[in-house]
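By written order: A, B and C. Residues from 1 in each chain.
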């Protein structure tokens, strides 16, 4: 490995993993001086009975100040303001977030407002607003994918201005990430598969993007092996506790890796497809991941070849000649998608043209691709990708991903 | 304990590096203004920016800076190096003078520098990305190929940017950037 | 199948490489601080590293509250009290430790004193945990750091305190600061870093995060060690090794202390010979003891030390042994630069005492007899070689 001339890495989240991880929360939070945490979650998580599981596990150790479950799917800053008011009215001193990416982001937003004081998150914008430790935040992810429990960003929508407020600070890293298989027990198979593919995309992208470094590399490779080993068993049999715990670990490690090394083409295109066509993030990731590898192979041949080691194991890695390893890695991911497609009864899509809305119409019409390609210029994930991505490049990749065919490498612009 | 044995220290200034950064920022600023009048892609990007949009690029915390605004005419205008009295919507600052010097001497590509977190960006992200793309294009025109390849991620090949167009546009940009307008703006800033 | 029951934390932000020193003022600003107190070792200041640090603050708007350069190799509470007094008088708001382990420990201790507005560490020795809101603490290791200075242990007046709050907030590895001062120092730091990484991987807590840090460290050492030992002050090799030291100490902070390290430290106390000398000598023996007890060594060792291609070429049942061989080779090459430990010449009662002290240390999972067995093994002609199938030189 060539050492980068410069890198920085920060992942100061205390991680607790295990089948009884939740029982350790009271002790650890008390160590942070917490007495009255507020639980932040959404109705889906609550309906699945997970809040009961959580309160049972931390019962007696802590005095729960409030349970705030009113986080809608499309959370925005008003939800944050509302949550912070509940926090303050109940004199809480910490947050336990139970949920997926949107709950975790909202909880981070609430924590900013509740810790810094003020009436609205709108008043907390701008660089340099968050300059001290916030109140303790524990995150209990209920999906194994977003990795938000390890990231230092919070994205909160401002629906009136149709903008996204982006908060980035090391103080937004949660104090505690709790990986407990009981939290992902109720996740349906096709969501397990898609969120895990999101985590896989984080790990792979952090391994080939421009900020790659020795620490994120080691984390990413471990995350990839855990996913390739445990994803199929976990999807086939949700009762497989150890497999689900492994996926939760993989997701957290991939989160730590990409929070430091960032993500590239896959997320660049994926974010925009998601926003324009309202396709879930994990779906986009599953479909686009092979193209990220293909598009960047000429710049990162060695690294992408090394992904094969974790993805397929040492035997296949040794058998594959060095030149063929990147393509073999791509093939492995395509095979994984195919397997997941079959196991979930077709709910795990393989190409963009295949995704359907609830009413059966195509979610990503081919005619939407040019608009998507144009909008990729406004997404931050284009910066860390090793190869430049201009709208024409994005459109070229999208057309391939729409039809589900291998990327025609001769069409990649490699520059002079 | 005699605390006077451990005196307080007021660190000094790196005058030469700041002067160098000042000149580079001046050229980049004028170059961007000129590129907006010459290159089609830059024109397209600028069209998407709100009117009156003002951004600054510089070195934190004590400068130098450059400020550019989108005028009523829809064109970018380099306003000089003073930030005082201007409402800046997008503030892109290199975190320290040493990093700025590395970037401006092309030892670290702009793309890599962004990824290394050398810039702190305060403002709306899509606009910041638009400006970064404009800077890339300006660099391709302003710098000889051998240096520009160090600065940008992908130096366009002859299919992406035909040499004839490149050289013609480069000439126009140089003429505009160093036209009498340069003296006017320098004079106004003094 | 690994079990995924663990706790893990890697608190420090790692800044590595070109221009990382100049990041410090911005880093302070993010923590709402602008007037650090620098706690430096005499040696670092003598080598003019203090000046280099000041230059990194040029044009930053920060004022340096003072450079307290009284730290030699022993960390005692009186130094911490003086540093705390200086900190208060100057109205500082952050700590920068520049130097070795002792400088970092004085900064840790002084940080507790000022953050808790107290003049004694006694309550903390009696089990009180420090508060969450300590002052920002940036550590710039120079050389001879003992390879655990980036961890979560405060070692002062020969007592050890452990807490996540003792981690530095930022560790800076910069070419201008972190190159070794001599060939000897280079070998010792490499040995200590390898030891940290090795025993973090062998540890019974199999946290994949901890293993990732240890793995990264071992890989950096494996890639750079031979070049580094030839030219210790060539930044291309030395800086990755220094970085490996930081990563390994973070991994080690999440694992039990390894038998060799603890034994080496106790022997150092008895004989005043540096621990690294013993560690280099005892590691092969300790690995052999593990194999003899038929507890398999993790294949990860080979993967980290020799890389994917070497790993993939070895049959599964040999992974542990070949990994140990690769590691031992690394230790031996570093050991060439330092004197022989000559355990046979150390009086038996000192050895026994060191074993007993080692076994009674906090958090260790071995007994005095295990330690003795390692010493016995090390005294014999290197037994490992009898196990060799001739591939090793």
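One rule holds in what follows: a residue touches a chain if its C-beta (ideal position, glycine included) is under 8 Å from a C-beta of that chain, and two chains touch if they have at least 3 such contacts.
Because the structure is predicted, anything quoted here is derived from the model rather than measured.
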Is the way these chains touch best called a line, a ring, a star, complete, or other? complete
Give the chain pair, either A-B or A-C, that is connected by more C-beta contacts. A-C
Chain whose averaged C-alpha position falls nearest the assembly-wide average: A
Centre-to-centre distance between subunit C and subunit B (centres being mean Cα positions), rounded to whole Å: 42
Between the Cα centroids of subunit A and subunit B the separation in whole angstrom comes to 33
Can you list every residue of subunit C that touches 2 or more other chains, as numbers and ranges? 18-19, 23, 29
Where does subunit A touch two or more other chains at once, residue-wise? 5-8, 128
Please output the residue numbers of subunit B that touch at least 2 other chains, ranges allowed. 108, 120
Contacts from subunit B onto subunit C in the complex sit at residues 1, 3, 6-14, 18, 60-62, 95-99, 102, 108, 118, 120
Subunit C contacts subunit A in the complex at 1, 4-20, 23, 29-32, 129, 131-133, 164, 207-209, 211-213, 215-216, 219-220, 223, 239-240, 243, 247, 308-309, 311-313
If we count contacts the way the header does, which residues on subunit A are in touch with subunit B in the complex? 5-8, 126-128, 163-164, 166, 209-211, 262, 377-380, 382-384, 386-388, 413-416
Hey, which residues of subunit B end up touching subunit A in the complex? 91, 108, 111-112, 114-117, 120-122, 124-126, 129-130, 132-133, 145, 149, 152-160
Give the list of subunit C residues in touch with subunit B in this complex. 18-19, 22-23, 25-26, 29, 54-69, 82, 85-86, 89-90
